[in-house]
Every structure is written in C-alpha cells, then in structure tokens.
Amino acid sequence: MSKTQIYEVEVMFGDCDPAGIVFFPNFSKWMDASSLNFFVKCGVQPWRELVKTRGIIGTPLLEIHTKFMKPATYGERLQVHTSVIEWGAKVFKHQHRVMRGDTLLCEGTEVRAFCERDPADASRIRAIPVPEDIKALCH
Amino acid sequence: MSKTQIYEVEVMFGDCDPAGIVFFPNFSKWMDASSLNFFVKCGVQPWRELVKTRGIIGTPLLEIHTKFMKPATYGERLQVHTSVIEWGAKVFKHQHRVMRGDTLLCEGTEVRAFCERDPADASRIRAIPVPEDIKALCH
Amino acid sequence: MSKTQIYEVEVMFGDCDPAGIVFFPNFSKWMDASSLNFFVKCGVQPWRELVKTRGIIGTPLLEIHTKFMKPATYGERLQVHTSVIEWGAKVFKHQHRVMRGDTLLCEGTEVRAFCERDPADASRIRAIPVPEDIKALCH
Amino acid sequence: MSKTQIYEVEVMFGDCDPAGIVFFPNFSKWMDASSLNFFVKCGVQPWRELVKTRGIIGTPLLEIHTKFMKPATYGERLQVHTSVIEWGAKVFKHQHRVMRGDTLLCEGTEVRAFCERDPADASRIRAIPVPEDIKALCH
C-alpha cells in the first residue's frame, strides 16, 4: 500500500505515570510524530514549508483507534513502524505499530485528511483531495 | 447503563499545537482524567488509596477509539461527559463525549480493566474481575 | 505593582510522574496559563485576537526561576496567584505563587516581553516596548 | 567539576505551541531527561532499579533557573549538554546547555537532591547526603 518508515523514540521519565509506565496519550503523540516523519522521509516538505508553498497546513486527525498490548517504561527505546494502509478520495488511513525490538507494544490506526485554510474564513480549515503527487511519493 | 459524570476542562495555550488548535492527544488525557473523576464522583477511592486498601492500582487502558468532529482552542471551557456503556467480566467500556456547551467536539470509547500487581512478579500487572461493589456505586 | 489574578488548576493523573507527584514542568505550564489568564482577567484580548488587532503574538519567555517547596498529586486543586512585580521598557517580570489552599507549593518568576513578527522576516519575532495601555489595565 | 553527557532530542510537532515554536516547559522536560541520562551514562542505575537496591527514588527538583535565547521548532535535532557544576552535602547543581549544533538555544541550572521514602511515613520523601560512590562515578 505504501512504504513503511520507522520513527525511533526514547521514553523519558516524564512520559511515565504514577504506575511507572508510559502514560498512554504519549503513544498517540509518538504516532503523530511518526506520521509527519513518514511524509518527510518519503520526500514531502514539513507542514511549515508546505503551508507556504501549497497552502497545506498538515493532516489533522479525524479518527484514531489504538490497542495497548504491553506497557513500556523510561529509558527504553521504541520504534514506531508507520505506513498508509488505505487511500481514499479525501482521507487516508495510517497504521502505526509501536515495537520494542521484536515485541509489539501497541498498534493503532489514524484517519487523516490533508487540509487548508478556508478561503472564506481563515479561522476554519477544510479537507482537500489527497494530492496525487504526495501519494506517489509514498509508494 | 451507569451514571454520567461531567469533568470540566479549561484549554491552556500549551495544549494547542502550531495550527492553533488542541493537540489531539490532550483529548485522550482529558478523557483519562474524566474516567478517574467518574469513579471518584461515584464514591470510589482514588487509585493511590485503593492500592493501599485493596491492591487495585487503577484501570489501565486496553483500547481507545476516538472521533474528532470539531477543533477547540485555548481559553475555551470544555465538558467531558463520561459514563460506562458496557460491563464485562474483566473489562468495561467508557463513553466520553467532549462538549463545548451544546457542541460535540469529540467522542470516544475506552476499554479498561481494574488491575493489581502480579503477586508472582511485582513489576507486572494483571486484570481482576470488575469489583461488584464498585460497579454498584456507578449505577 | 499590579493586580493579582488567580488561576485554578485540578491536577490530573497524567500530570504526575512515577514518583506519584506532579512532574515539575507542569508547574511551568500552569504558570504560563496563569500569565495569559492574568492579562485576560485584566481586560486584555487573548493572543489570537491581539495578533489580528495589533500584531502582538503574545509574551514569549526570556527567563524563568522557580523554587519547589512541596509536591502535589492528582485530584488536588491548586491556585496560581499571579502578578507583575516589575515593568521594564521592553520586558516585565511575573511572580507566580502556586498554593494548595494556604500552603505554598512552589514559587517562581518569569521574565517576558510582548513580541510581534519581524516585518523583514515573518519567521522571526522581536520584542516591542511594553504597551502603555496594557500596563494601565493591569494596575 | 564532572563529566559532560549529551542527550539528543528530536523536536516533535506536538512539542510546539500556536506560535510554532517549542512550548518552553518542554525544555525543562528535556533537561530532566538529560539529568537521568547523565547519571545512567556515568554508570548509575536508573531510578526504578536504585529504589530496589538502595531505596533511592531519584533526584527531585528544588530549584530551576533557565534563560531562553533562541526558539526551536519541530523536526530539529537538539543536544542537551549536561554536567554537575556544584556538589553540596545534600544537594547538587546541574548545568544544562541546549544546543542546535553550534547554536545555544537555552541554558539552565537545576538544584536537586537524592531522596528516599521517609521510613516514618512512606507517603513523604526526604533528602539524603549525596552518595559518595555516585559522585565518584560522575568525575
């Protein structure tokens, strides 16, 4: 469906909660970082450049679905394996698999859309069709 | 299925990302806070007490599923409406609806389990049956 | 020197670290929220409005100095008492006192400057003289 | 005074605020991670091991002082250069210099103490004399 890119994370003390394990929203934060890393590694400009060249502000989230299998703690190195498993007309679906070496810790999907500012109201954003050239870079 | 409890949040500048809107993992953080608030409002002890009295360390996440409808920004007050929509033998499912007044911003479910330290290995945790007395308090 | 405004915080589980106490950078996050709240309560527009009406993007930090006296944990309600204790030509100094009722938990100062985009390079920001009308609102 | 250890950070989108730059408390979070990394690189066990072997829960913060010179944004790689610049009887002082290559972005000190649980009340912590063997490892 697409290339797979790997984003590496080292868990910090401050990422962990009173149970001593990663506070789960941090997995979402790392998946988000891995999504941006995926596009940059595939040759897409980071959002702050793309907004200037093409008006694309990024790929806001529409939906996330995550399963947590095993906990992680600080000092550990994790790898987020990210790909695109579905391309729709206006949305696409990421798969993220968070590994600690060979061990799968957590797995999730994200539905996102490329968005631009609404020309009629700059405080609003709206989805645009998935750009074909960006899609091509990811294959 | 259960009572509904409301947790109120005021969005901080630091909760928002370069697009000027709430960075989405913060919605998960607030749902987590609203889950704990749900049990405390229903009369359950906070986890740091429950671990002393009954060995229950909290309700770790097994799965989350969230849909994002509308963005929010700093200075806004949000209300997370939280209930339990399913009780299983060892797991239960929360519903969280994040509102800004009458407007639904984001909606999600969480599957959680009450957990204790594994007596054989204190560095591991394991799910226990949903305590009947806690379930009763939530109705 | 200025009015004092109070910002209230309820500590979340996810604000706490493996020692079970507030992870200290969260105190900085709350002081930042309390700084913005200070100006809004004094009658100043939030930054996203001020940038449109006057080009002021906010009050970035130049320096912070914080002493931590006592820890806090989740479920507790804290009050950040915020004032301005020095007005310079281009900078000002906040004092923040984080209280849990009558108990002082942590105390800090922040040096900040009102800033605008550099007209010569929109990716850079620069300090402007402290606006007299905003200063007047804070007294 | 001590060795200098370097902790590397890649700035994430979610580390940045509506101004598009790193939200400043994240610099404190990275300095904290760099402090722990400093001790581990010097040969000290991570806190979750040290608490089992010697009852030391970590090195809570007493005071921080940070100056912010230049902003950073997402996608950039930063290096936190960390050393100990003062050893007291019960406290020590870290220096952290956050660099982006040759450019100094922010500089700070932290005063910390090695702490253990209070034997009379496990919910409280107390400072212990700086362990001589740990000090020796850092030179």
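So that you can tell them apart, the chains are marked A, B, C and D in the order they are listed, and the count of residues begins at 1 in each.
Note that contacts are C-beta pairs under 8 Å (C-beta built on N, C-alpha and C of every residue); 3 or more make two chains touch, one makes a residue touch a chain.
Just so you know, these numbers come straight off a predicted model, no measurement behind them.
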- [ ] Between A-C and C-D, flag the pair that has more C-beta pairs in contact.
- [x] C-D
TODO: Provide the C-alpha centroid distance between chain A and chain D, rounded to the nearest whole angstrom.
DONE: 29
TODO: Just give me the whole-number Å value for how far the CA centre of chain A lies from that of chain C.
DONE: 31
Open item on the list: Based only on mean CA positions, could you tell me how far chain C sits from chain D in angstrom?
Closed with: 23
Open item on the list: Among all residues of chain D, which ones touch two or more of the remaining chains?
Closed with: 13-14, 18-20, 23, 25, 29, 32, 47-48, 58, 74
Task: Category of the chain touch graph - line, ring, star, complete, other - done: complete
- [ ] Going by the contact rule at the top, pick out the chain C residues touching chain B in the complex.
- [x] 10, 12-14, 20, 29-30, 32-33, 36, 40, 46-48, 58, 73-75
Task: Of chain B, residues touching chain D in the complex - done: 13-14, 16-20, 23, 25, 73-74
Open item on the list: Going by the contact rule set out above, which residues of chain D touch chain C in the complex?
Closed with: 18-19, 21, 23-26, 28-29, 32, 47-48, 57-58, 60-68, 71, 125
